[in-house]
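Multiple structures follow.
Common to both upcoming complexes is chain A, partnered first by chain B, then by chain C.
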Partner chain A sequence: MRNIWTIAKREYKVFFATPLAYIVMLFILGVIGLILSNAIMQLANNPFGVNQPPDISIVTGPMSFLLVFSIPALTMRLLADEQRMGTLELMLTAPVRDWELIVGKWLGSFLYILTIIGVSLIFPLILNSLITPGIDQQKMLSGYLGIILVSAAFLSIGVAISSMFNNQFAAFFLTLGFLVGLWFLIGIPAQIFSSGSELFNYLNMNSRFHSSLNRGVINLSDLVYFLSITALGLFIGSIVIESRRWR
Partner chain B sequence: MKNNSKRFAPIGLILSGLATITMIGVLIVRGFISANLYTALDPELLDQIIIIATAVFIIGLALFSILDPNSVRKFLTGRQIRYGSNSLILLVAFVGILIVLNILAYRYPQRWDVTEDKERSLAPETIQALQKLPEPVNAIAFYSFRVSRESAGQLLEDFRVNSAGNFDYEFMNPDDNPGVTNKFGITGDSKILLQMGENHEIVSISTEQELTGGLIRLLNPDQPTIYFLTGEGEHDIETAGDRSYTDVRQVLENKNYIVKTLNLQAENMIPEDARAVVVAGPMVPFTKESVALIKDYMEAGGSMLVLTNPVFITDLGEEADLLVEYLNSEWGIALNNDIVIDTNSPYSPFSAVGAQYAQHPITEKMQGIAAIFPNTRSITINTENLDVSPTPLVLTIDQSWGETDFEALEQDQIAFDEDLDILGPMILAAAAENTETNSRVVVFGGSSFALDGNFDFAGNADLFVNSVDWAVEQESLIGITKSPPTVRTFNPPGSLQLILTVVSITCIIPLAIIISGTYAWVLRRRRG
Partner chain C sequence: MIQVRGLTKDYGTRRAVDNISFEAEQGDIVGFLGPNGAGKTTTMRILSGYMPPTDGEATVAGYDVVSESLEVRRRVGYLPETVPLYNDMTVFDYLKFMADLRHLPNGNERVNETLQLVDMEERAKGYIGNLSKGMRQRVGLAQALLHRPEVLILDEPTIGLDPGQVVEVRKLIRDIGKERTVLLSTHILSEAQQICDRVLIINKGVIIAEDTPENLQASLIGSERGMLRVKGEADNLIKVIKKVKGVKNVTPKEEGVLEFQFAPGTDVRAEIAREIIKAKFDLLEMRSVGMSLEDIFLQLTREEQNNKKL
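And then the complex of A and B:
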């Protein structure tokens, strides 16, 4: 555990030493800020006030969309860079287990995403102050739980793919392709084919987030699904790193 | 010759690889079939594919071994096969565990609606209907690929989860199944067929209300007929308008009632199939003949809902209201000549809030849900007639009163007068049952609470529908719709606050990130 924590802390610090971390943070929080302020302006300028005030999904909805494009940029260098620079071999000689290395790398990036999520809590706070009797806070917690689970799953996929490549860009594009597939494309066959639609619907991450967690509903199958994807990503990453020892 | 044959060896590996991928695919599909996640069009085809893929796999490996025997020997004795197979077994085992966990979570769903108003949960009425299913109900949702199945799928899934195994569903493309659609008379897209034994019902709109209505119709093939009287200026149930009861009609039809209108002066009779008669806000008095017809009908065991109005907002004037007199003399329910004033009402002093409910089948599930009664008169109960048992259903708070000074009201002077007015709590609705004839009556002091504009408000719809259910002795159908959601309103900020909010969201946060990023970058450069 100590090894994992040491690697995670180091990774977290490295994030904040690179401009990419700030660009991603600026991208996510800036876009959500623009969407939210636009909604507030529209409501404030509506003399009749008949519009339904926005709920937490105005923050968590766009955030999930932006994570699809941001996380590949964050995970692309995690292991691919270490392999390219040859530092991975150095790490493998240290008294660190392969899975500890993978989980540590994932945890560092997860803590970074949690930091962004933490800063983004300012948006619901602002919304809460503008709405009587305040926003639905339990729904907010559910939406944020969804964002945390989606981030964890996305990051583990990114870490697994990054462990397979020496080239950051190859890792970036493959992770992006995977996430776009899981988020946007996997639901399409469910609409096209009558048989097997349940399977595609089950695998559809987008619908799992938007139809349940982001609407204040927590399904056990959603939790199991997101945690399974996270665990599978980390397991594949560990196997890939382990395979370097005997390849 | 040897070198030449080695060149073609990878073909064998490619064949085996393709066969392996096919076999894994088929095995996964079979796993999903056994977990009911997938319905195969031709299950036998899968077995044939497995046999062919196995044969191709073996032939591929044999081909490779024949064409490149040295590589096979090296591979089998090398360490890659040893470690690689370990990793593969671990991976397969891990994926297997995850698949099992996911299948279990799918087969035994657990769902928590964490919204404050439980807005994503089915109404107790729906759950009650689902849990009362005497035999399995199968729903077929006829959805083509042109329309989204998402919301219907969620709703049907919620029904399945709450049905204790008695409700299941499937989607069917109506374009691919003309035989089924013709058999059940399904026309158009997005229709849901509910089947229970020999009976079936078709639901046109995939909302919880419609689907529950369909289930209730399926559970109660008997369709009681209710007559809404016309001819005395009652609320219109056919065409929407300010004084209409079209929502009432819609909800009753959804609950399997046949709703008709009846003009007593024209027909001079109450049909035999009338399970209940509704008098919805008459503006002029009933004739002596009409009241006699009603009286005869009630003595024969009929049921009636009477929704009156304060006299001063009707055209009754000084004329005697024979129906009101009948209710007083025969049923012990006296309608007072006043209008209920509720100064604590959040809407208007004339919109009394029904704050307390009596213990009665109509109201027993409504505790905690207020109903609003605009323009209503109060009711007094007389318990002298031993054959009937009148019960107050809805009462206001203690501070309300029955205002009788209508002249003062016209001059907007609302004040309680000890000598003239009656102090609350005021009875706004009452029900009575004649134990001899089994006839039932429900009386409301006002009719505005069930108008289209007020029907969906708080407990209004439930109160009306529960009253009808009780009157026609369909208590088993009495339920309740969802409690009203919390009304959230946007507080428009002042100009300064608006500017500060927008600037902090769009400028201060991004600026703080840019400054932190630049600082970290400069620091890193200085450190080299």
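And then the complex of A and C:
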């Protein structure tokens, strides 16, 4: 545990020394801010319109979308760069287990995403002050839980893919492709083919987020699903690093 | 401290290390000497726990490098050839990070002590990315020394350093080697001669010779050589010198210069000098002509090639 924390702490600090990480943070917060302010403007111009006042999903919905494109940029460097710079040799000859390295890297990036998510809490606060009687608290908790779970799973996929490459751009594009597939494309075959659609529906991360967590419904099966994907990614990453020793 | 038996490592179909065995005790400074691509780095990587061997076994500080890799890594300080460092960290932060990974108590103190040891205190707050090659090398060395390891594995520790730094680092290694086991690789022969108690000459993955630098010289030459210079013609002196006990052969070189060979372990120079004076020659110069490790190395690798042809 101690090694994981040491590695995560270092990784978290590195994010704050990397311009790209700031760009990702500004990108996520900026886009959501624009969407939210636009919605508030509309509401102000037309207070008695048929539109319902915005709820928390106006923050968490776009955020999940933005994560698909942002997380590959955060994870691409994590292990690919260690391999390119040769510092992986340093880590693999330090008294650290391979999985501790992987989990530490993941945890560092997870803490960074949690920081972004933490800053984004100003949006629900703003929303809460504008709407009477305030926003739906349960929906907000469930939506944010969803965002955290999606981030954890995405980051672990990114870490696993980063461990396979020496080149961070290769890691970026493969992770991006993988997440786009898992988030947007996997629902398509389920609609086309009748057989096997259960499997595709099971894997569909998008629908698990949007049709339950982001609507205030917390299902145990969704929690298990997201945590399983996270664990699987970290497991694969550890295996890949271990297999590097044998080459 | 280090025991290696039948160690073999294949990269695909290429055999990088072929069935090598050796041992090193506490207080030994063992030098791995060989051309680039001889298998030095591969052997060191196996011993540092970075990768497992294809065959054979190795124990470091009593622990198996494969099944007890973590225990080995706790007791080994390793400086890889490429000196990988995190460029985006300061020297202090980097060493503190490594100290934390090694669970060292009083990490800050230990880092400062080690920085002092490698003479890098003034640069502690500087970013590693801005350091010169020589300074990077010293940071790498500091990292390897942080936990005062029982075994120190240094891959080309003086490469890229300027001459002044080379002298310092060699001195540092000798000091460390008094209480610990040091395994270092080099392709600079004079370096091995200066620092190491024992030299392993490795070529194409095979150890072709193992001994102290002095014995390697002696055993390969079979006899030692000396040269002398006198004023004027020296031809008449040949007979005189041949009479000295222990002298095997005397050959004239240029005018006034003779080369003589004598059995290793004996020193005939004093006696020769006396005889020259007695024979009323004016002795200008006399010295022994040692065979350098360069010569030995070339001879060994050539012999090996010849053996293969046969």
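Just a few scattered comments:
Note that in this section the second predicted complex is superposed on the first by the 244 of 247 C-alpha atoms of A that agree within 3 Å, B and C clash if a C-alpha of one lies under 4 Å from a C-alpha of the other, contacts with A are read in each partner's own complex, and residues count from 1 in each chain.
The rule we apply is simple: a contact is a pair of C-beta atoms (placed from the backbone, for glycine too) under 8 Å apart; a residue touches a chain by one contact, two chains touch by 3 or more.
Note that this is a predicted model, so its numbers are computed, not measured.
After alignment on the shared chain A, the placement of chain B and chain C results in a side-by-side fit free of clashes. In the superposition on chain A, A:M164 makes contact with neither chain B nor chain C. Computed from Cα centres after superposition, the angle at chain A between chain B and chain C reads 160 degrees (steps of 10). In the superposed model, A:A17 lies in contact with both chain B and chain C. Residue contacts after overlaying the shared chain place A:A94 against chain C, while chain B stays out of touching range.
By the touch criterion defined above, A:R2 lies against chain C but remains apart from chain B after alignment on the C-alpha atoms of chain A.
By the touch criterion defined above, A:V31 reaches neither chain B nor chain C.
With both structures placed on the common chain, the touch criterion links A:V180 to neither chain B nor chain C. In the superposition on chain A, contact of A:S142 is made with chain B only, not with chain C.
The partner of chain A that touches more of its residues, comparing chain B with chain C, is B.
Of the two partner chains placed by superposition, A:I117 touches none, neither chain B nor chain C.
Closest contact between chain B and chain C, by C-alpha atoms in the overlaid model: 5 Å.
Shared interface residues of chain A (contacting chain B in one complex, chain C in the other): 17, 245-247.
Remark: chain A residues 16-17, 19, 21-23, 25-26, 29-30, 33-34, 36-37, 40-41, 43-44, 49, 51-53, 55, 119, 122-123, 126, 130-139, 141-142, 190-192, 194-199, 201-202, 207, 211, 215-221, 223-225, 228, 231-232, 235-236, 239, 242-243, 245-247 touch chain B in the complex. Contact residues of chain C toward chain A in the complex are 11, 45, 48-52, 70, 73-74, 76, 78, 80, 82, 84-89, 97-98, 100-103, 143. Within the complex formed with chain A, the chain B residues making contact are 32, 37-41, 79-80, 82-84, 87, 90-91, 94-95, 98, 101-102, 104-106, 108-117, 119-120, 145, 148-150, 153-154, 171-173, 176, 486, 488-493, 498, 501-502, 504-506, 509-510, 513-514, 516-517, 520-521, 524. Of all residues in chain A, those touching chain C in their complex are 2-3, 6-7, 10, 14, 17-18, 85-90, 92-97, 245-247.
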